[in-house]
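Submitted below is the structure of interest, expressed as structure tokens.
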Amino acid sequence: MKILTFGEILLRLKPPGLERFFQSPIMEASFGGGEANVAVSLANFGMDVQYCTVLPNNVIGDECIKELRQFGVDVSKVKRGEGRMGIYFLESGANQLPSKVTYDRSGSSIAIAQPELFNWNEIFDGIDWYHITGITPALSETAMELSLASVKAAKEKGITVSCDLNFRKNLWKYGKKASEVMRELASYVDIAIANEEDVQKSLEITVDIDVESGSLDRSKYKALGDKVLASYPNMKLIAITLRESKSADHNDWAACINNRAHFYESKKYHITDIVDRVGGGDSFAGGLIYGLNHYQELSAALEFAVAASCLKHSIIGDFNRVSVSDVEKLANGDGSGRVQR
Amino acid sequence: MKILTFGEILLRLKPPGLERFFQSPIMEASFGGGEANVAVSLANFGMDVQYCTVLPNNVIGDECIKELRQFGVDVSKVKRGEGRMGIYFLESGANQLPSKVTYDRSGSSIAIAQPELFNWNEIFDGIDWYHITGITPALSETAMELSLASVKAAKEKGITVSCDLNFRKNLWKYGKKASEVMRELASYVDIAIANEEDVQKSLEITVDIDVESGSLDRSKYKALGDKVLASYPNMKLIAITLRESKSADHNDWAACINNRAHFYESKKYHITDIVDRVGGGDSFAGGLIYGLNHYQELSAALEFAVAASCLKHSIIGDFNRVSVSDVEKLANGDGSGRVQR
Amino acid sequence: MKILTFGEILLRLKPPGLERFFQSPIMEASFGGGEANVAVSLANFGMDVQYCTVLPNNVIGDECIKELRQFGVDVSKVKRGEGRMGIYFLESGANQLPSKVTYDRSGSSIAIAQPELFNWNEIFDGIDWYHITGITPALSETAMELSLASVKAAKEKGITVSCDLNFRKNLWKYGKKASEVMRELASYVDIAIANEEDVQKSLEITVDIDVESGSLDRSKYKALGDKVLASYPNMKLIAITLRESKSADHNDWAACINNRAHFYESKKYHITDIVDRVGGGDSFAGGLIYGLNHYQELSAALEFAVAASCLKHSIIGDFNRVSVSDVEKLANGDGSGRVQR
Amino acid sequence: MKILTFGEILLRLKPPGLERFFQSPIMEASFGGGEANVAVSLANFGMDVQYCTVLPNNVIGDECIKELRQFGVDVSKVKRGEGRMGIYFLESGANQLPSKVTYDRSGSSIAIAQPELFNWNEIFDGIDWYHITGITPALSETAMELSLASVKAAKEKGITVSCDLNFRKNLWKYGKKASEVMRELASYVDIAIANEEDVQKSLEITVDIDVESGSLDRSKYKALGDKVLASYPNMKLIAITLRESKSADHNDWAACINNRAHFYESKKYHITDIVDRVGGGDSFAGGLIYGLNHYQELSAALEFAVAASCLKHSIIGDFNRVSVSDVEKLANGDGSGRVQR
Amino acid sequence: MKILTFGEILLRLKPPGLERFFQSPIMEASFGGGEANVAVSLANFGMDVQYCTVLPNNVIGDECIKELRQFGVDVSKVKRGEGRMGIYFLESGANQLPSKVTYDRSGSSIAIAQPELFNWNEIFDGIDWYHITGITPALSETAMELSLASVKAAKEKGITVSCDLNFRKNLWKYGKKASEVMRELASYVDIAIANEEDVQKSLEITVDIDVESGSLDRSKYKALGDKVLASYPNMKLIAITLRESKSADHNDWAACINNRAHFYESKKYHITDIVDRVGGGDSFAGGLIYGLNHYQELSAALEFAVAASCLKHSIIGDFNRVSVSDVEKLANGDGSGRVQR
Amino acid sequence: MKILTFGEILLRLKPPGLERFFQSPIMEASFGGGEANVAVSLANFGMDVQYCTVLPNNVIGDECIKELRQFGVDVSKVKRGEGRMGIYFLESGANQLPSKVTYDRSGSSIAIAQPELFNWNEIFDGIDWYHITGITPALSETAMELSLASVKAAKEKGITVSCDLNFRKNLWKYGKKASEVMRELASYVDIAIANEEDVQKSLEITVDIDVESGSLDRSKYKALGDKVLASYPNMKLIAITLRESKSADHNDWAACINNRAHFYESKKYHITDIVDRVGGGDSFAGGLIYGLNHYQELSAALEFAVAASCLKHSIIGDFNRVSVSDVEKLANGDGSGRVQR
């Protein structure tokens, strides 16, 4: 089983801890991005995973490749091109004060890449599973074309396609609405991952759930999944994450999965001292891809994914630096946090 | 509307994070002090605010001025004089372990300043609102004289006077009891801000509230405000803050306001992961001055002030580094802490 | 009253804050170990305490001695020998992710020390109280012999012996089961300190308590203590700690004490924002030794010990950097965490 | 005397000390840019200086303004617009290893600003001296037009124009050679500042000096200045800096000045332990503007400028954080570095 | 051309900058070791290089592998075994105060590895060049046997063997003198690398050079190389490094090479502001292997090696983080350290 | 041989590395002061040394005592009193930019201590050598009285008195000139330590030496010593340090000693990369006291003192963290800075 993920990886710049920007003249610098985060999760779980993107031909691009290679992600299909490294600035919140993301992605190498830079036939050689998100098609007209070309090529080669719908309202600035693009892209997807807002904004499918409320009515999530699967007959299953945001420090976290035949809801985790919530959804996607490939039971795959992403909330940075044994310990019920020695 | 605040600003020295002193050979160095904290809040809210104090003529004094100027506080009336920069050492607590403040303020420039250094007539030129606290008159005999002279001059010029009573039991060492001074000072005040202990110790007005208990009986706060307003007929309103200290990390926070005609209680915020509690009261004062000048409704002014000070508990340092939109978002009910991107 | 503690002190290496290893190229370096932690607690409480161990004759050993001396621990009986400084690597968890300890203790100076290096008769000169733990006899055959020789010598000289059973399943690798050794050692002990698992694994005495569950049935702890005291007629009392681990951040913490005549349970503390849990048990032992020597009432000694160890959870590092007045304030009921200024 | 400087200010990101990028996950973040650096120098020297630029309307732009305001630079003419904050990445060299700058400036707010955003008539109201550099016209076609428009407007209002030619070979990518633009711009300049390479690349005026050699033949610098002044009859004087780069740590630094009537060479400083060389030229320009406005003698102005920029090499960051008295002490001959206490 | 290096890699622990141990409670943690340092140099130069060792099966071993993989070193032949990670503690000197290394290597996985753990026939499959040092045979009897077995196996397969003699007087504790082992090992070596002391202590070949003096008589180095080559007829060439240590900050650095037919001396570099001298010799070995494989001229290979190792002195950590273009720029004569932008 | 030193110890606050104040919101915090620095030197050299002072009764005072105790300095005669901890702020220079000290010592515990706080008869019990400096009598009238009382008491008990004249022009503000006091104090001194300026300002004895020039004429130093010894017949010897300050990074350092019978000049050390120059003179005093007590030859004592203080320039902080073996290695001629491993 060889997996490929494709998308944009960004330089992430964040003041230390809970400081505001320039409260000290320091930024924590790391890398992250939805699809790269999934790749790192899978590499940490021991899977054979390749990441494809295009990076600028400078020292920051070089270091980004080194970072991914460290985790054992195969970077042999990373291209170098014109443009710049996309950046996001992050300020961490606490209590009632939210974390804030400021994007500086315009003109990034992937946003300006010409579709012909990527020979999908060659890229997909030997690949069994392809993961993409709704972020790439939001970047630019050409990135949208790239995204659609990739899923079409993947389907032609019989590769399983997973997609995290990942709606980002501050992207989608090149003239298309998310739903105009994502409804087409979704028709090539085998495994969909989303939260309720993603489904609504990307696919224009809704049930009456109040996403802004802290407390979510889970019972309606089966109906939502059913509606999506009804609209996309090629889709094999959809997993929907359920985040209840009590405060910047305290989220409750669960998910459900629906493959038409079965609907499962996971355990709900109370995460009361969030360390870093960014990349939480990506760690769910990574956990789900691992789970679907390693467990017989759909519910076991789901519980692995939810436990993996629960643990991500205790890890600094976009990447989920946990192992299969860490995740299985939690999925099997030990969330006591007792010191291991 | 031009506001002036006057008082002592201190160098704040604190070991990093939750370390004890000299657990590492590092101190986080910043500046803060009740009246300066109010000035910075107001500048961050876009108001025209001036800060007046006296600082020693050395490099630390220079840097203090630069820090205030950064926020857009008008420092043209800061004087330089004899004496030293006051210092406070802070050790942050957690759980059942309290934060601890050690003062090193003796001989500070403001404590030894001669009253004639300040020409209040000149200083108040163009000023509409004057804010002072109960800290300055606690520093020394001369500082007490300065404080009284300032409020008298302000009243003569028809300037609105706000005062945070701010009782500090480890100051008041020059031979007067707080109440001997503060009862006179309060007679010049239009807008009083206090907690229950401040009222009791500064004005010797009490109702039977157990301030040391974590849980406060709010109903008695109306009576307390009524008693103060009855004693000080010139006082237009009093706002009383209600802090319930569950632990060093978890406080509940609310306030009430009383202008004789109306009594309002604010929403109560559960702040379970306090980042820095110092300056919390000052951020309330800053929020209240902003609120009273920007909202028709007394209750809206109060809710702005409480939300502003709630957010302060998530900000490192004495200064409240939040914007009007941050505060209004919370005052309008969104305390979910969801990532903004 | 002069106390001696004896055991291994380790170099503790930990990535900053909640980082994973090598997330940055930095480790926080400090020293700690069960018996040294007790010595530092006692020194901080103003008691006359001596620490005995053997350290390698290099710069890291030198610095370890300086660290202990800083707190006022008498280091005149620390020996220098062959071998290396034991190390433990620590990664701090949060929420459902546990803290993890990786030992690097093999070949340490104390593990390879020959018993004749220590002349117990000389070492115990002037000593009134001797404290040891179940960690030292777990290190090696010779360390086990040393441990037994020490308690025998202490008893002969009429010195009070306290022992924290402290079972560590990843030590005990030299061919003996813990219980083979600890049952003999316990017969020389006056004051035993343990949690339920320690009793079971070290003494093979059980009552049916599920130690892995977060919530502990306290009522069975009297029975457990009774059983131990019945088996060890020389033992004067046993204190059992009760940790309920809700998550890596949130533990509830209490203890009980049993001297045959009396059984007391302490208050239970909710520690919801744990700063550093390592050394929590040692701080209980330190508090208990202080308490038994300073209070008439057994219950007062117990409450001091529990409050001391509760506060330790808010302190970074193995050592409990709190004073008698900090502990008494909490034991007397003030856990509000209000700023002291 | 009110001075205006205009140009691009960048976010500067640099690994700590002498680390390579991502050797630790930290970057030192500050701001800098040729014209802003001059403004900060002048503010530190107590002059009345205004900085004009256009910044993106986000939190990084906000913080940039705060940083400038801290020094007392008047930021009332800073505009906010489309585009992004330009960035430069810096890696510090040592010995034979050079420092390296990687630009990430494409799409910056000033590069894409439309000329009509700036009403020069309004901007120059009350201004006596205008400073610009050869960097702005290198950014884009529109930035070039802006630059030319600004100097023309300045000349029309009788404002003194100073310009640091500042040739940057990795800019100038929009289709014009530097000399095509700079030769026109120079015709509006009163005070030119340059090194030999700037003169050659920007004005295409040369004498045979080997700029890559460590050791410079100073005698030819008079001829070079004479040639420039002959070509630009409106130019009142030219100052040429002479850097001999022995290694990344050791530069010798001097300058000469030529106002047709007089030619002076400054003292030469041996700077053997360079702390931060970036901004060295800008600190010369700042020193020269101060000097020309405060000293009768041309040579005194030059010596002030050279001493100011010599000291800059001992200051971290782009900005020259020294005072007039620091500079005068050195210009007057005390470079002993003895502790002042 | 595929290269294999084999040896011990250590955890390197160093207080920040020029601090003494525990001056702050922080250690900079990285990895390094002679043969791994060579592997990283070669990977940075774009060569195909594999590193073989045995590491303990714990989180520190995992992170060591990640670190090497980051640079693109092939880690597929790294084994996991019993024992511990070797450590070295480093304190950086300055001026007359030397840097100091404290080893904590006893019981390391490679020191206790049984020779049969390594199947050299398999390991050398596809390998063209094998690099080893005199450090591994110094670790233990078994490590010595491993080392000899490896060079014999390499010679049998016709692989080029390079060896850095690297005498370490504080190792060699298992009962053999260095020369007893190294004289045998040297008989399998094609390319020897050494300084004068290494030759003397490892091969017992001397000419009268005073190694402790700062200033070295280079003329005698030809004679020394001739003597070695005469004693080892299979040896194809020997490179000898010449370090003149003026102070901890200032070394002069050069080398010579001798292949019987030719003798060359390199340029001498004055390195006056050393950043990190550890790994300097290894970076020479890495440069030489690269040079011998990429340049026709022996002198060009030597100049590349000396320039590479010169630059290493400006890089923090054991690894030489420079590129071929960095090295060639210096080897071609540009050591001016001018900012590249 | 038991030594006592007496004086003021200060909290030292310094921005990190070469940063200016508040360039980051961090200060490095340590302790230092002339006499305490001598005590720590002596403790590091293994001597039995006691430090006497008075400290405020707060947490900063507590930590100061812990710091001294760490080195093995006997702190049993440190008193706690009224007043505050003196502070000095330090900004490190480089190249032509000097380091700058800003004192914040007014109102310190020792400055306001009443002479009767110190019972010299008791304090000197068991003491053989007493060391004082010219700093304490400069602090205040009472501190001057204390100083004189102490030397008189010491002489009466036959204790050897050493004094570092240490003239500080920014102290001496209470109304006496230095020479009015120091000429009396010197009459009780056995061993005087000074530089040329100290002699001139404290004793008003001069020969024509230009102290501000970088290069010192050493030959005149014999004459200077002779003059002092002639004026103070009780004085047994005087040591004069010779600092030539080339820049903030580069000082040359030597000393001479004169006991009437003999005059010696030491070797001169070129210290080209100074790490921290503060405490350099104190480390000379510490080295001299050690040397005079351990070597037969006056010249050997002098060379030890000069080598000790040479090494101090490579150590961060006021304290000289070197050992006797470090110093003897240098005094014996090995200043090559070669790595020790």
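Every chain is named by a letter (A, B, C, D, E and F) in the order it is written, and numbering of its residues begins at 1.
Basically, a contact is a pair of C-beta atoms (placed from the backbone, for glycine too) under 8 Å apart; a residue touches a chain by one contact, two chains touch by 3 or more.
Quantities reported herein were computed from a predicted structural model and do not represent experimental measurements.
Chains that touch both chain A and chain D: B, C, E, F. In this assembly, F is the chain whose CA centroid lies farthest from the centroid of chain A.
Simply put, of C-F and D-E, more C-beta pairs touch at D-E. Counting the residue numbers used at the interface between chain C and chain E, over half appear in both copies, so the two copies meet with largely the same residues. Note on chain placement: the centre of chain E and the centre of chain F lie 44 Å apart, centres being C-alpha means. Inter-chain centre distance (chain C to chain D, centres taken as mean C-alpha positions): 62 Å. Counting only residues that touch two or more partner chains, chain B has 17, 23, 25-26, 66-67, 100, 272-273.
If the chains shown are joined wherever they touch, the resulting network links each chain directly to all the rest. Taken in their complex, chain F has these residues touching chain C: 66-67, 69-72. Of all residues in chain B, only 23-26 touch chain E in the complex they form. Per the touch definition, chain D reaches chain A in the complex via residues 13, 21-22, 25-30, 58-60, 63, 66-67, 83-85, 87, 89, 91, 100, 102, 104, 106-107. Chain A makes touch with chain B in their complex at residues 17-20, 23, 93-101, 103, 168, 170, 212, 214, 245-250, 272-273, 277-278. Only residues 17, 269, 271-275, 307, 310-311, 313-317, 321-322, 326, 330, 334-341 of chain D touch chain F when the two sit together in their complex.
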